[in-house]
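Structures are listed in the sections that come next.
Look for subunit A in each of the two complexes below; its partner is subunit B in the first and subunit C in the second.
Entry: the complex of A and B
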């Protein structure tokens, strides 16, 4: 296992190198004067002044030289200045990452826990009413985009029924509280910070604000996870070792959990991992619908502002997260199934 | 198998219970969320106040007004820098000025930091007696030298295309402090050449310019007075003193924090700063009823009541006094209209930016329709279950236009002009320097559709930059009409007749979420495409800050230019849209001959004292703007807004209206459930 992890870790810098190369490659498509426009808030109009900017930032140097210089800056956490955010890109990430992380964490837990349970339920109720119902749900939900679920949820549960808040992370008074001097902002994730600050009302408020965005992200993901879990479980439940276990008098629950699930979980865990990583894409739309001040909405804002520096910085950050996330999924898979690490 | 199912059932029960608790918790929200101090709930539920008699949900505390807006960030908090309605309204609440408006009247004034004032016989010398015992938010005490410093700083800062020209013209007779320094240095450029940079001028000239400013505004600390000397009598000068740019700062605090030191040596270092470079960009220290609470860029902006506010007597009968009744004013940036709508519907916000074309969606939420700007208007209850009051049909001094950039900046590439050539894939940077193009665009624009679809009928076509009711406005002056044949003809003549064959493509950005602007551009795009399918205009939603940066850099081929007047006079409109130093004219890069013509006419009209002559001059400017097609002058609309029924005390002042959920006088506003 250790050798497997070491091998994967050794690959990490190579993949990250490729990622930076790709990201920088996009920037290199622009002409020096176009890139100069990214470095200064107000590009002077005279060609001579533009030349000075190009010379100052070495934008006419050979590409490898520029790449190394850029890489050096990135390594120091300098991802450039975000025009659309009005602050350095690294600050944009620092300010908005906790919101996205909080949403992603709660969504991951909900997606994985509920999605797998639904799949197992469908499998053990094969061809019965519950199974049919879940299959219909899965077919419909897998065809609906995240943002549509979000919009419908918003209009129904927030606007019409008023059961849940319509966007944002907290209600206004609580937001003022957490932005104030008395609040200890340990993680920037309000559901955690509320516990540290001993404010159950804020915790509940944060949870209520999370409910709709999390549900929007989960519904579509459940559909996929449900299908894979169901078919994996059905396959496992039909295996001889499960039938043998049941024949020997092992309780049904134990046969499902210890025997069938132990063998069915690998594809499920892989898919769950990929689904959670795939949230990065869906999060952007859900954040926009629910006015969730995370990195996803920043990404969209940078995109519509033609803010290349921010788009690049956030792309690089997201790509790094994806690479690391993939590593975690791989390691988890190997830990669950020795055949992977032995091969 | 059975056991497994039962166990899952138990877990499901737990899950469902948890979800139920969450949902149930929402039912508790009508007790009002906890106050920011972490203590008692910030406000009672409106439903409780009404005895549970079906009052719609209010989920904001009784002492807080929450808004959901397209943009939460003010442009800046520097009173002398901002030239944006919402930032001006914010500044009005954080700072005080020598005088204030008497409620909604733009030409009647009440004492504020000045207790009384006199005006010399020749109407050029104002002397103000200052109020005693007024404290700034940071603790300093108001003294006459603070007032003098504030006005002097504003005039020396004079950021380009900013608001300070309005003060420089009456006080010193110039349109910018730079032009005064150039004049004093005798360094006027030759025709067609750029004037020299300020730091290239001799120190003596710079010092003289500064001394002129200091001589114009003087303080007598012992006498407790401030004197302002004007170069020419200016009837609207008192209006200017009541506006945000004349806000009073604490001189000692400003110097301590690193702003202009009050000295005439080296003042250029503080001249024309970039927006973030100003000390007051995101800080404040005023004497107003509200202070800055929190500003989370791109997310929210909040004001907090200043409980030590100095006012003990109402400024007008029935007006407010004592600490502000509303303790918090919060506005959230919510770019999505559907989210804003849901928030309004659920009572999470008291106010929301409503796109004009989507007004019909609120019909079910309206309680009363009022034919006027405030609670004194005649109101008709249309839906007992509604919770919004809809005020409409009142005059407002605002209009908008679609301006042309005659010389688009293209250095470093410009995505809005495509190839940058007249090859069908873009436009050359000087595309709009051709009069036929500008006239053709005007004839391709369908005003009727715009007024019907975008303004919902509550508007009239503009007849140039000057709005109705002001000098120079004539009901029968020539205007463009939607006429595709003429559009085809005009564009066919443009660029030596090459356009119909080659075609063009340009991209015009608008504020992301600004559906009105998008709709206007789509109407124009449609007209052009109908004239010739090779005439392509694309629209692009752009984040406001990024868009403003591109406007400032003159990179936009066309821009949506809405204006709410600074003072009620034609000179404000003419300068803004037509003068090379105006907020819009300044970014259009008019050719030199047109600039000279427009600038001189605008400046002459400004100082003209004969009313009939003024009227003629402004009519000439109005005609010139149409003849030269400097813009597509869109419409002047009637005012309308939606407000929750609990909100009281709002009034509308023509020159100082509400913008993006913030009014210029929040001190007068309170919430109360009947």
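Entry: the complex of A and C
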């Protein structure tokens, strides 16, 4: 176990080094004058002035030198200046991360909590109507991209039925209140802050705005999680120890929870972790569809307006998150498996 | 024996024998493929869907001919969607426009019919090169092992460290700034290709690790056959199965990913016949989707049915040829 974690930790800097190299490689494709345009708000007309910008930022230096300089800046948290955001990329991250985090947290809880239960249900009701229904659902849903579920949900629940709001994080009076001086912004996640500020009405409003984006992210992810939970659970239910437990009179519920699930959860936990990490890409699309002011919609906006500094900075940030997240999932999976933990 | 035959000749004979053997095996194999595609109802439904899309793609000039008076749009290049005016409200479905028009007055029906061709082109032109890159990397890493393996697999991990969509959006937008690559379909396709090959490399490496220890590989090596020839003739053909299944499952996901890029304006140019581009018209009209439902429903149906067809066919092939893997993870993780 220790050597496993040690190996992973030793590889971490190697992978991170590679990600910076790849990201910088993208930037290096541009000509010096194109890169100069990334550094100043408006590129001066005269060629001499452009030359000055290039010389000042050393954009004509050998690439390794430029890479090291860039890396030094990144290490200090300077990811460059976001043109489309009008502020440094690190500030963009600080301002918009809470919105994304709130969406991701609610989605993760919904995905894991409901997805696993659906899978266990399908396994228990194997080949009966419920199982068939869930199988059809998972086949269709696993082929649908996040943004499409979002659009269909928007069309149905916000457009046709008008049950839920069509976008944003709060309705405008509440948004004004939250941005105002009386509000204590503790985390930037409104569902938490509303509790701290004792405003159940704001909490409910935030939840209503979360419903559709969270559902868009969840429905597709359930399809995967449910499939793996089902097959893993079926395997465990067929084992002798479950039969023995049932034979000696253990109630079915307990046999399922204690005996089968304890053994079925290993692959499920790993996949649940990977599914949640998979949201890193999907969240961007869902945010853009629902006008959710998080990192994802900022990222797409930057991508569309060809603001390379911002897209690269956010990509590097997302990649770092993903690498660390993968490590956590791996270690957690290894820790849950006594065969690995005790070896 | 090799004394009078010569090593190369011996291998050639052995190769011919193995070719005959695989030709023999191919007969029931082909039948098994058909049984896989039509035998179980889900796979048969998937095959029907894909065949239907194929017919639409092939018959596009007859299903959606360039309408009279629209020659300046689709006369030369049929992939340019005819346009009836410039701005205003999307028009709902009518006799003239079966699926309505977008806000910019592009004909949705025409766009979807010709978009079927784009879907097939994009799906295959991204998946096949990604497969080739993955196979080359995976085979090299698995066969040679050691430092080559270490470097290649760490490279794979670096590419996998990026969330797929995030990386694709960044690359597509960066390539846009490139003078030659920035135009047309090339930028989004390269973006998806650059981050789409790693799964194949890993899968292939895993099977190469076991195949390279088989007797026939050792036999070839003992006869003095070069590494390149062993890899191409013996190792790769015998380790391709799982990679091919994964690729067939990925075609649908690739089309969806490409449509996603188009949806956000990073894919094909405005007015190009592409499902994601048609869906992008809905992106401009999010507040009034309740009224402009046709902007979402028709492109969404095309995308979902196409992806469903690919998944069902891929699943069917996998289940029929490799019953043990019936419970394995779905191959496509791209969402």
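Criterion: the second predicted complex is superposed on the first by the 332 of 343 C-alpha atoms of A that agree within 3 Å, B and C clash if a C-alpha of one lies under 4 Å from a C-alpha of the other, contacts with A are read in each partner's own complex, and residues count from 1 in each chain.
Please note the rule applied: contacts are C-beta pairs under 8 Å (C-beta built on N, C-alpha and C of every residue); 3 or more make two chains touch, one makes a residue touch a chain.
Model, not experiment: these values are computed from the prediction.
J.: Overlay done on subunit A, so just call it for subunit B and subunit C: clash or fit.
T.: clash
J.: Quick check on the superposed pair: does A:266 touch subunit B, subunit C, both, or neither? Answer first, second, both or neither.
T.: It touches nothing on subunit B or subunit C.
J.: Going by the contact rule set out at the top, does A:250 touch subunit B (first), subunit C (second), both, or neither?
T.: neither
J.: May I ask you to decide whether A:87 touches subunit B, subunit C, both, or neither, giving the answer as first, second, both or neither?
T.: In the superposition, A:87 contacts subunit B only.
J.: Of the partners subunit B and subunit C, which touch A:30 in the superposed model: first, second, both, neither?
T.: Both: A:30 reaches subunit B and subunit C.
J.: Which partner does A:332 contact after superposing on A: first (subunit B), second (subunit C), both, neither?
T.: Neither partner.
J.: Which holds for A:228: it touches subunit B only (first), subunit C only (second), both, or neither?
T.: Touch partner of A:228: subunit C, not subunit B.
J.: Taking the superposition on A as described, I'd like to know which of subunit B and subunit C A:15 touches: first, second, both or neither.
T.: The answer is second: A:15 touches subunit C but not subunit B.
J.: Is A:105 in contact with subunit B, with subunit C, with both, or with neither (first, second, both, neither)?
T.: Neither partner.
J.: In the overlaid three-chain picture, which partner chain does A:291 touch, first (subunit B) or second (subunit C), both, or neither?
T.: both
J.: Can you list the residues of subunit A that meet both subunit B and subunit C?
T.: The answer is residues 30, 34, 151, 154-155, 158-160, 162, 166-167, 288-289, 291, 302, 304, 306-307 of subunit A.
J.: For a test of understanding, state which residues of subunit C touch subunit A in their complex under the given definition.
T.: Those in contact with subunit A are residues 42, 154-155, 157-159, 161-167, 169-174, 176-178, 252-253, 256-257, 259-260, 263-266, 279, 282-283, 286-291, 293, 296-297, 300, 303-304, 307-308, 310-312, 327, 329-330, 333, 335.
J.: In their complex, what parts of subunit A are in touch with subunit C?
T.: For subunit A paired with subunit C, touching residues are 11, 14-16, 18-19, 21-22, 26, 29-30, 34, 139-140, 142-148, 151-152, 154-155, 158-160, 162, 166-167, 220, 224, 227-228, 231, 234-235, 271, 274, 277-278, 280-282, 284-285, 288-289, 291, 299-300, 302-304, 306-308, 311-312, 314-315, 318-319, 322-323, 326.
J.: Please output the residues of subunit B touching subunit A within their complex, sorted ascending.
T.: 1-5, 7-8, 11-12, 15, 22-23, 25-27, 29, 32-38, 42, 57, 59-61, 64, 66, 73, 274, 276, 293-294, 296-300, 302, 328, 330, 332-336, 338-339, 341-343, 345-348, 409, 411-413, 415, 512, 540-543, 545-547, 549, 552-554
J.: Would you mind writing out the residues of subunit A in touch with subunit B in their complex?
T.: For subunit A paired with subunit B, touching residues are 30-31, 33-34, 36-37, 41-47, 50, 83-87, 114, 117, 120-121, 124-125, 151, 154-155, 158-160, 162-168, 171-177, 179-180, 182, 199, 201-202, 204-205, 207-208, 211, 251-253, 256-257, 288-291, 293, 298, 301-302, 304-307.
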